[in-house]
Amino acid sequence: MSGATPATFALPARFLGLARNDRDAAVCIAGIPLDIGTTNRAGARDGPAAIRRASRMLVDGAHPIHRTEPAEMDVADIGDFAIALGDIERSLALIEAQAEGLAHLVALGGEHGITLPLLRALARRTGPLALVHFDAHVDTWPDSFGQRYGHGSVFFHAIEEGLIDPHRTVQIGIRSPMGNDVHDWTLARGVRIVPAEAAHERGPAAVAEEIRAIVGDAPAYLSVDVDVLDPAFAPGTGTPEIGGLASWQLLAMLRRLGGVRFAGMDVVEVAPAYDVAEITALAAATVAWEYLAMMGRPAGP
Amino acid sequence: MSGATPATFALPARFLGLARNDRDAAVCIAGIPLDIGTTNRAGARDGPAAIRRASRMLVDGAHPIHRTEPAEMDVADIGDFAIALGDIERSLALIEAQAEGLAHLVALGGEHGITLPLLRALARRTGPLALVHFDAHVDTWPDSFGQRYGHGSVFFHAIEEGLIDPHRTVQIGIRSPMGNDVHDWTLARGVRIVPAEAAHERGPAAVAEEIRAIVGDAPAYLSVDVDVLDPAFAPGTGTPEIGGLASWQLLAMLRRLGGVRFAGMDVVEVAPAYDVAEITALAAATVAWEYLAMMGRPAGP
Amino acid sequence: MSGATPATFALPARFLGLARNDRDAAVCIAGIPLDIGTTNRAGARDGPAAIRRASRMLVDGAHPIHRTEPAEMDVADIGDFAIALGDIERSLALIEAQAEGLAHLVALGGEHGITLPLLRALARRTGPLALVHFDAHVDTWPDSFGQRYGHGSVFFHAIEEGLIDPHRTVQIGIRSPMGNDVHDWTLARGVRIVPAEAAHERGPAAVAEEIRAIVGDAPAYLSVDVDVLDPAFAPGTGTPEIGGLASWQLLAMLRRLGGVRFAGMDVVEVAPAYDVAEITALAAATVAWEYLAMMGRPAGP
Amino acid sequence: MSGATPATFALPARFLGLARNDRDAAVCIAGIPLDIGTTNRAGARDGPAAIRRASRMLVDGAHPIHRTEPAEMDVADIGDFAIALGDIERSLALIEAQAEGLAHLVALGGEHGITLPLLRALARRTGPLALVHFDAHVDTWPDSFGQRYGHGSVFFHAIEEGLIDPHRTVQIGIRSPMGNDVHDWTLARGVRIVPAEAAHERGPAAVAEEIRAIVGDAPAYLSVDVDVLDPAFAPGTGTPEIGGLASWQLLAMLRRLGGVRFAGMDVVEVAPAYDVAEITALAAATVAWEYLAMMGRPAGP
Amino acid sequence: MSGATPATFALPARFLGLARNDRDAAVCIAGIPLDIGTTNRAGARDGPAAIRRASRMLVDGAHPIHRTEPAEMDVADIGDFAIALGDIERSLALIEAQAEGLAHLVALGGEHGITLPLLRALARRTGPLALVHFDAHVDTWPDSFGQRYGHGSVFFHAIEEGLIDPHRTVQIGIRSPMGNDVHDWTLARGVRIVPAEAAHERGPAAVAEEIRAIVGDAPAYLSVDVDVLDPAFAPGTGTPEIGGLASWQLLAMLRRLGGVRFAGMDVVEVAPAYDVAEITALAAATVAWEYLAMMGRPAGP
Amino acid sequence: MSGATPATFALPARFLGLARNDRDAAVCIAGIPLDIGTTNRAGARDGPAAIRRASRMLVDGAHPIHRTEPAEMDVADIGDFAIALGDIERSLALIEAQAEGLAHLVALGGEHGITLPLLRALARRTGPLALVHFDAHVDTWPDSFGQRYGHGSVFFHAIEEGLIDPHRTVQIGIRSPMGNDVHDWTLARGVRIVPAEAAHERGPAAVAEEIRAIVGDAPAYLSVDVDVLDPAFAPGTGTPEIGGLASWQLLAMLRRLGGVRFAGMDVVEVAPAYDVAEITALAAATVAWEYLAMMGRPAGP
């Protein structure tokens, strides 16, 4: 709250107010306003702008535990990726192309469908990735209501295409209805599912420890579907499920993943039209900020 | 308000509470929950359900002027058309196929993009149609931000494909910014544009008279984009423009089109996530009800 | 805006901030939080409190045309009438009893059902009243979905009980669907219906002149159902109908009724849960304020 | 998410999309849109419709823990019960009559007052029932602000009429202010009260174990007032109290009640006008779905 | 809607998407996020950001009547002016200093209090200005509830300080309560007041002609308080008054002021927290866009 | 819920419906509608009125654990303090003067800036106070974005002025970003910070015990910034931070502070324009009610 900067409400709506916008930064923030593959409520296209606005609360000061300052790091907000209106497959190709060549991408969705092309672009460089996946849904359906590359089939394809290593994949917060066949397929691939109730009962420290054990020292990707939070904490999303995590639990897990070798992340499925007092957008912004703050500190749990 | 029926709030959410749902009715109501071609706010996919809920206010009783009772006519609510998630071109093909064989369709959108396949299905039977088009936008862009068949290029294609006769086409309520080239192209085709301000200044009776003169006795189609109304009257839409019509003006024009040989209609672009107190959905429901009430009476202005 | 009073936001929520609360005032304001007879959306019980809060905008200063100052008149806010939860008939009896003995009552609803007991209490003293009735609905159904004394049958009973003189009754803004039998019964009684569209086309001055002619010099009652306004102007109500009046038109008519011998009034059907930015409550508060301002000036149109 | 069904947003608004609507099913779902006995905010009349819409998120797939599929069970959505507008006592009689003869009813409220006639209909067949009651309020006032059969006196009457066995009655989540006399009366009858804070401190597994011990093998009824949840999780209700349960806790308790011999249930007090992003309606829908999923599995904790 | 630009929802939130941000442009757009002098609802500090977001609807294409393209003109968005938190007098001094040296300023408020320092900066260069003032309130109170430079005393001070010529000042849309002394003072200074009702009755063309006659060829300033619009059209404001203008009327007047020698303008009092579907912000953005479009065309009515 | 009182919705909006309004009560409730020093969202000026309305849920009955009845205690609602519009320093002086002479003040904010003058008035009588401070922010910045006495610098000044004893000061729920210098300064003064995550992990009973140990038997002040709650529980506030406390945790701590010698309290930063279903206002009202209920019982943990 130093006197040299404008008050929060007068800040420009760039992520953390970042002036830098070139693709050469150590970490690039990009919005990906795709939502045409969603299967319940629409509107995730407006997620990136809402997350940026909400991030203004986080511009000034250090993380209270890590003591690092994300807004002072080697990070740029490179704006939004172009997509193809009305055509999901062409949109995925465009996203993959734009992700190429970035050192480390933090993507602001947009629907969860954007994760597949991001993994394609990344795995080409790193090989199969470990995956830390916070979500209410496993997203391993072979299709989304008949749509091959919808937001419910992302990790089916990621596994089938060898982009992620299912034995180094952990899904936390799962609780939606799902076909028993989908459930069994996922478990049979070796994916570790931590249901929402288990996460509540065991507490964030224990779950974080398990995540670190599963991921090990593989290059890893973090994908946070904001609907991992309970709708009380994240009403502004398209496919809510009750019984989800509290925001403090999500943050408490993230800040205990310090030793993981993350190569990229996304936070997706913010649908601002259903939000209240921008609390969902703020949750998503804080997740990205927490990730940056964690990266800025020495490794270790 | 007879005692034999449940109160409004306890009615099922079918259009006008219609129990009938077969495709053989003289008039079929169908929802078309497509919105992936929209270019600003999403959410028109939820339009059909919201319009049906709002139509419960109109179940009981006759039109106060025409004295006809839409809910007692030969009309069915046949549910929603199937669409292809994430693929606009395949969705348009599906819509066209499902419209085939219906005697007279009243379509509840969904985005304006649905009108093109409905015109394709209809014009095959009738030849080029006269068009009565209420909208804030001319929708004659050759593409919508690079998307060939988006909601802004409907009537460009309808003219190019010979589905409508531009000399028997009238657009009422136009007021958005538009490229001068698009504006000139539209006028050059012979389309009559009645800007919103002119509609306000001249009054609904005079505009309705001009509409009837333009359309003449050709088979005609009515397409009502709910954004023809001012955002005060229709906040729940994707591409609002201020300066629009009041709802009484729209109704006053519609009820003076009694002699036109309408072969079908749609009301589109209701996006309930942005609505307040369901007033936009009620406006759309009332437009369809007004159309039915008008059809039930003897011809004449 | 004098410095001696607190700013608008800091005023207490009494009608016009009135400190006076005794029943001996020349005019008494009372809230009547009844809504159990409503047939679509509930919540008019919260109308009185919302109207009082909104009235804070009107505390300070004179009417810009009449130059009178309602907050300085001989007027009291006597709080809310007691009602019987879950029992409409007993509630009506309670309302009638509490209205007894007041010199001149301005009632803040609550649903339209409250008007019947108010007319019973008043007509006992004055004989059959002339009625100036602004509404989207005629409210002359013999029952409301099987309920004898619901909000849709108020004026049926008022006519049947001889409380109002149908030949001196005028209904302005009517536009809802209604059974042709109800419509015909109402006209046959001698009631003058001015449909919403006619009010728009003729303008407020002409309609006001007709109202004055119909009412003449009989003692009169003013009943304003806030749904006479278009839902754009009054979303916060239970049974909205599009095509309604603009708020300026309602005010313009009211301020031209200066010569009428009003003996009481109500403004009803504000349902704050559906309001936005309290615009409906403000409309209702302004209607009551306009009425008071009109009463404070010399008679004449 | 199989390709054979429409996407969530295109499903019809029946509970779990159930096509079946006859009264002969093993379990019948019915809405009961009564709210005229509420004492704070109105609007629970719209609960059934909102719960049905929200239930569309739960149509497709199995419960992730029980592995059962409610939408595939012997269950029907039989629509809404008729009520008497403006007359609570006659409404209760109507509800009781309509509940007669159903094998097993899952009722969607409506206010909590509906539970009394449902218990009357059920206890006639089963004798005094054990009661599992989730709520912020004990609802054992002898009257509700002077109203004998309001939503605050349900279980006073149920005990007085011998419909439930107070020694087999447990109330979880209690936290509202209440008269010490009411509090003491309830305890003296033998009712077990688990305050909200105790439920938080002890955790759902321990509380569920206590519930099973209290209920034993008696025929039991489950009544869930959605205000047992904290207003963060269930803002859309009429008489909220802070300090309530999280939705995961409620689900975690319900899914541990597998061995209880439930004969019926209700979920009540959803008031959609106060909801945000339909999270309260989704909570209520999920509670009913969780109950069905539990019933479909073999007995045992 | 050309394919070269992103869709509306993906545009950056600068006014009309303007990339240019230097102070040397022929016209500079600036936000002034001051709201601490407001006397009813707060929140106009968020007006500039909301207006910029809403302006994205206006980026692409020409004005449909003037045929000019504001986004292609010599215009820059120079961001927000700095203000002094919690200190209105110091804020006014800061605003005045920042307005110095700009060729032509279009200010986005913020509360109406910002107009006084803008007039001070401008009149120093031009001498006393003619004023075209759209508002529900005269804003000529000598103070705002005891606050010398609040949003209700702007034009009192502007007249007293000789910044505007009261004989060349016209106020359109006035309708709030006001002290008769304030009313009389304003008229006695020579100010022309066009009440809202008169604007409705006479129509925009006639009023625009009167405005041009009053202003003549003096250098002029345009100040648009968004509450000149009815709350139906502009709910998102702090001191709403019913009976206001429709948005089409405001636009119709503005586009007929082509010959006036405007030296600057502002649009103020947008309070986004009370807005619905951003319609108020869109109204304000369109007012500024209409002004720019008018400036780009040859002089004349 | 006794029949002698009106239903909750019909109660007047005084705190707990208190009729008493004199300054001689043992405890006085006062609203302080100041918000001009806020640095993100505005609108805390409307907090007092919203808290009063929400308190109607708490009028009737005893605290379910303490068994005390706040509405029956020696307590008065003395209305709102006057403030100086647009001038924060003069406002603070006014607040201090009005707090003088009250035996025990429970203040309803308004922004957190009001706590400084309240501490000034109180410490003059008691000497340096112990402080129990629930908040997301430490509020020990030396200034708020350049503003000396803004809502972020309250406790910096309170320490510097010797109003509170930093070694007897405990801050619970802290989690916002902050400069490491501010963080270190606060710790170096001797202030105990309990971060939000620690409060979650340790549980309310353990934290309450630590609070009691820190405060000891010194005269103490309780300051509750409603943003200590997670935005899910308190969306209606100006500077939300995710990861906050649940409302049950806050209540559970407060009710374990029975032995502390509190000399006054405030609950601040309720901004109703961002609230949903008044849950934030209800949280604030309940905090004040919990405090009163605790004071009414015998001392001890």
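The letters A, B, C, D, E and F name the chains in turn, as written, and every chain counts its residues from 1.
By our rule, a residue touches a chain if its C-beta (ideal position, glycine included) is under 8 Å from a C-beta of that chain, and two chains touch if they have at least 3 such contacts.
Please read all numbers here as calculations on a predicted model, not as lab measurements.
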Of C-E and B-D, pair with higher C-beta contact tally: C-E
A-F, B-D or B-E - pair sharing over half of the C-F contact pairs: B-D
Rounded Å distance between subunit B and subunit C, as computed from the means of their C-alpha atoms: 36
Interchain centroid distance [CA atoms averaged], subunit B/subunit F, Å: 54
Rounded Å distance between subunit E and subunit F, as computed from the means of their C-alpha atoms: 39
Residues of subunit D touching at least two other chains: 6-7, 9, 39, 41-42, 45-46, 85, 144-147, 150, 230, 232-233, 246, 274, 276
In the complex, subunit C residues that touch subunit F: 6-7, 9-10, 12-13, 33, 45-46, 49, 53, 79-80, 82-83, 85
Subunit B residues touching subunit A - in the complex, by the definition given at the top: 35-37, 39, 41-43, 45-46, 84-89, 144-147, 149-150, 273-274
Residues of subunit A defined as touching subunit D within the complex: 39-42, 141, 143-147, 150, 152-153, 174-180, 182-183, 195-197, 200-201, 230-233, 235-236, 239-244, 246, 274-276
Of all residues in subunit F, those that touch subunit D in their complex: 1-9, 56-65, 67, 203, 205, 230, 232-233, 246-249, 251-252, 276-277, 279, 282-283, 286, 289
